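Note that chain A is present in both complexes that follow, paired respectively with chain B and with chain C.
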Partner chain A sequence: MNATYQIFAKELRGFLNSPAIYIFLTVFLVLSGAVMFYLRNIFAEGAATMAPYFGAAPAVLLIFVPAVAMRLWAEENKIGTLELLMTLPIRDWEAVTGKYLASAVVVVAAIVLTLPMPLFIASFAKEATPVDAGAWISGYAGLIFTGLAYLAISEAISAMTRNQIVAYIIGATACFVLTWVSQPSLLYYMPDFLASIMGWLGIAAHSQNFSRGIFDTRDFFYFLSLIFLMLFITVRVVESRRWR
Partner chain B sequence: MMSHRKNLKWMSLGSIVIATVIVAALNLLLANNYRRIDLTRDQIYTISPELQNIISGLKDKATLTFYASQKLPPQYVSAERFVEDNLRELAEKSDGKIIVKLEKIGTDADDESRLAKFGINRLPVGIIERDQQSITNIYFHIRVQYGPRFHVINMPDESGFEYQLAHAITKVTAKTRPRIVFVQNDPRFDFLDTIGSLLGQMGLKDIYEVISLKVEEDYPLVIPARTELLVLGKPIDFRVQELFEIDQYLMSGGQVLVFAQPTDFQNPLLMFEQDHKDWRYNFYEVLDGYGLRIRPELVEDYGSALPIPVGGEGNQAARLPSPILPIIHADRFTSETAILRDTARLLLPMAAPMEFLPVSKAPEFYAEYLMHTTEQTALQVAPEFNLGLSPDSEPPADAELASHPVAAILAGPMRSFFAGKPQPDALKIESTRSEYQVLQRQAEGFVFERRDVAEPGARVTVIGSGMMYSGTMLGNLRRLDPYLYGEQASFLANILESTTVGSDLLSIRRKQITTPVFREDLTDSQRSFARFANTFGVALLIAIGGIGRFFWRKGHLKSLRRRYVK
Partner chain C sequence: MIEVSNLIKDYGSFRALSGVSFSMKKGEILGFLGPNGAGKSTTMKVLTGFISADGGTATVAGHDVMNDSIAVRRQLGYLPENTPIYEEMGVVEFLRFIAGVRRVPRGKVRERLDTVIGMCGLASMTGKLIGELSRGYRQRVGLAQALIHDPPILIMDEPTSALDPSQTVEIRELVREIGREKSVLLSTHIMGEATATCDRVIIISRGRIVAEGTPESLVRSDEKRRGVLVEARASAEDLRGLLGGLAGVANITEKSAAADGWASCRAIFDAPATDPRETIFAAVREKGWELRELHEETMTLEEFFIKVTTQS
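Moving on to the complex of A and B:
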């Protein structure tokens, strides 16, 4: 556990010292605000709600999260520090978990930094029609789960490649596919058996309940399972360097 | 060596497959053992105690069968999960009184003929297929079965799901339906037809026994026994015996709803072509006696610059020039009375202002204005209405702009209009219809005992617009603004439910997603600030933080180098 913490602290320091992460955060926040106030223009629409953001945020996370994760393993691979890491008395899962937790802090922090948005909206809402804070909390929980799932997928992809750009593109594509595979318009054209599997597999189908204000244990376990499975795959990929 | 590597490779791949299978199996297991926590403020996705209350009153078990097509169009996929989840939750909370069955219907002809026996047929829905809009027919129905009685909910939807269920359960389990009597005594008015079709569309006829009475020369008003609500649509002069009938119905604890009309014309554009009669019909004097005066003016709203089409022929469609129609917004509803719930705005064509008269000081006497117009309304006095206004009209120079009450409620020990007066002679019944009603009332053992003070439960609700539910107005309203039409319909349903079926169904119906709106007093600079702060403000702070961190680190490394590198 101590080793996990050591890796976590090292990675977090690495993030704080990396100018790229500030650029990614800045782009993420600008895009998030633009979605609400320029693309949708909620003031013109008149509804004091976060629904437009919760609807569009997975797409913004799709751009941001693979960028955070791309360097996790690909960089170590490229500059050769992975070999050094492998020689240390650290188990593979400790390294994978430490890196994941450090980047999770960045992803969660990015989402938390959008909180002024609901605060502004709540303060601008009419007293007679107060905002639904419970639904917003649930929506944010859904965003965090989506972000963490994207992160686990992107980390697994990062472990498979030596090139950060390749890791980013494949990571973002994988997240995109896994999110939109459950789109009803896509499922409609699939055979029934495949449609029922894809309908369950897609991230969008499971984040929908959160953004409506429902915490469903099935969605919660889906996200936990996805994260666990992706981290498990990452551990196996990292471990494979020992016998490849 | 190669063999060991190969083994490791297969072990690694194998472990991934096993982990995937375990995870999938766990998820499958949890799919049937799940919990949903509704975090919304009003618990809008949770089966409410009111519905549980209705269910707890069931003597036998009710079976709810959800039929859904095997292949549903995209827009129904999440609705299907929503319906299934809610039905399961309902079954769990019903103490065994609700049995839920889920049936997927494919293309089997036997299934189709089996369902057709219940009146369940595929319904057409639009889909987009290969960039083309097309129609597909699907099953998406719930059958509520209680003994031999059943009710089918077609296309249950998320927003009104619980109400649809409660409505269906109430319908199949009700022993008697509350009786609502709609009365119209103006032969030129289409109140009854419109109300009838509106109630039908809303499915309210299943819950209420609706009786329409057209009072004419040969057919005097006889209020049926067990009437829970008497609705008077744009009443004109009644016979004195009919006034006595209404008065005594109220005094016996009855409830009366009046859609009052301030002017005597159907189409306001034609008003100048008609003889203008003094509109103060005798029923308004009765209202005076109870303590509410309908004033003779017309409320004209300069805040609603919305031209409303009011009919006409072909492309000669007449448009009612605005500002004339007060559109009452929720912030002008002055009461939390149930009838205003879920109603954000209402259109009151040709609205009449009203005022309370000091007639009763009894502490139980209750009088309240239900809604006021905006501050941008002026009054015009009949018969000098000036309707030649356009949407950009300015109020007349001498017009006093102010808010006016346009709906009110009176309840409690009202004094009879006929108190201290001799009882009118009984009306000579000549028509077979009225005779039949009198006989029926006698058969049900129902007689009005003359009372001078109202019994508890007596209530008069007056809405200052008789055209509110006219066919022309509703028809045009639906074309012009379906949302506003929906609000008018909700308002009517609220009145009926608040006076008849009790609080459960009403509470369920008002449980829906209410969209919060922004304050009207927000300035441009406040909006711009919010836009900028949220889009660029926090981002800018992060960028500055990053640059600061970069320079701090550069300096820090420099000092380390100075200290350790010679």
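Moving on to the complex of A and C:
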């Protein structure tokens, strides 16, 4: 546990000292605002609703989260510091979780930083259309789970390459594919058995429940298992250096 | 401290190590000498747990490197080739991170930091980022990192490569100093480094150990023939005559003519019973000649190295 904490602390310090991360954060917040107020004209809805935002926010996470994760392992592979790191008394899974937790702090912090938007919307709420606080909280939980799932996917991809740009592009693509395989318009053209698998596999199928205010433990376990699976894959990829 | 037995490692179809066995005693500075691609780094990576071997066994301080890698790593300080370190970190920040991972007790971190910073001559660099340092100082940070937890064993992969001559000398001196208390395994492809710093040298070539011994014993090991260079105040013929009369002389060649009354000859002795230099000195003294050079020409380690790494 000590090793996980040491890696976590080092990576988090690294994020805080990195100018790039503040740029990513700014872009994320600007895009979030654009999605909230311009993409769908929230003022024309006539109701204090966050639904349009929760529907589009995964796309913003898709741009932001792989950028946070791309450095995690690609940089170690490129500079060769992996050899320094993995010959310290650190188990592979401790390094993987330490890095994951540090970047998770960044992702969750970014989502938390969008909170002024719902507060702003709430200030417009009228008695006729009151704020559905439950749905908003559930929607934010869905965003956080989606962000953390994207992060685990992107970390695994980062471990497979020594090039950050490649890690970003492949990571974002992988997140995109895994999100939208459950799109009804896609499922329509699939054979039934495939459609039922894809319908369950896609991230969107589960994150949408959250944004509709449905808190289902199956969605919760879906995200948890997806994250664990991706971290497990990352551990195996980091471990594979031993046998190459 | 290190026992390696019949280590095998394949990279795809390329066999990087084909049965490497050696051992390192406590308090020894052991040099791993070999051309690039011989298997020096691969052996070190196996010992430090970065990669796994495909066959054979290795133990470090009694722990198996495959099954008990974390215990092994706790006993080690390791400086990988080319000193990969986090450039965006500060010198002290980086060393503190390593101390934390290495579980240096909180109360002792300050003291250990001061010790390694002093030892590695980093005092003037503590305010800098590692990325701002010169090669030589980066190397010192790498060394400080390997020493922060005061490990009994230090493994260094080409610690002086890419350093300028004065930096090289400084790092070598540092290694020698460290070697007084610790067991050190270092690799190099520079012969002078092995002779200057190591107690014992292992020469490795194409994944095999081809020679082993002290630097002095290596250059003599298979040499029953010993060559001695003699320069005395006499005529060339007289000197040749004298040397020719000695027991065990196989060949004499004249090196320079007696221009200023001095003559110089090289005599090759075949398996002499005593040190040929003593025999020559006694003979020259009997003649009453002045002697200004009496030097045994051993094969240099370079010559030996080229010989053992190119054969087979």
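Observations, loosely collected:
What we mean here is this: the second predicted complex is superposed on the first by the 243 of 244 C-alpha atoms of A that agree within 3 Å, B and C clash if a C-alpha of one lies under 4 Å from a C-alpha of the other, contacts with A are read in each partner's own complex, and residues count from 1 in each chain.
Everything below uses one rule, namely that a contact is a pair of C-beta atoms (placed from the backbone, for glycine too) under 8 Å apart; a residue touches a chain by one contact, two chains touch by 3 or more.
Computed from a predicted structure; not experimentally measured.
In the superposition on chain A, contact of A:Gly33 is made with chain B only, not with chain C.
Put simply, more of the residues of chain A are touched by B, taking chain B and chain C as the two choices.
In the superposition on chain A, no contact is made by A:Leu194 with either chain B or chain C.
Residue contacts after overlaying the shared chain place A:Ser225 against chain B, while chain C stays out of touching range. Looking at the shared chain after the overlay, A:Gly14 reaches chain C, while chain B stays out of its contact range. Once the two complexes are laid over each other on the shared chain, residue contacts for A:Pro130 go to chain B alone; chain C is not touched. Once the two complexes are laid over each other on the shared chain, residue contacts for A:Ile233 go to chain B alone; chain C is not touched.
Of the two partner chains placed around the shared chain by superposition, chain B is the only one that A:Ser138 touches, whereas chain C remains out of contact. By the touch criterion stated above, A:Pro116 is placed in contact with chain B alone, chain C being left untouched. In the superposition on chain A, contact of A:Ala3 is made with chain C only, not with chain B.
Residue overlap on chain A between its contacts with chain B in one complex and with chain C in the other: 17, 242-244. Contacts from chain B toward chain A in the complex involve residues 4-5, 8-9, 12, 15-16, 19-20, 23, 26-27, 30-31, 34-42, 44-45, 70-78, 85, 127-128, 330-331, 514-520, 522, 526-527, 530-531, 533-540, 542-543, 545-547, 549-550, 553. Residues 16-17, 19, 21-23, 25-27, 29-30, 32-34, 36-38, 43, 46-49, 113-114, 116-117, 120, 124-135, 137-138, 183-185, 187-188, 192, 199-200, 205, 208-209, 212-218, 221-222, 225, 228-229, 232-233, 236, 239-240, 242-244 of chain A are the ones touching chain B in the complex. Interface of chain C with chain A (complex): residues 11, 45, 48-52, 70, 73-74, 76, 78, 80, 82, 84-89, 93, 97-98, 100-103, 145.
By the touch criterion stated above, chain A contacts chain C in their complex at residues 2-3, 6-7, 9-10, 13-14, 17-18, 79-84, 86-91, 241-244.
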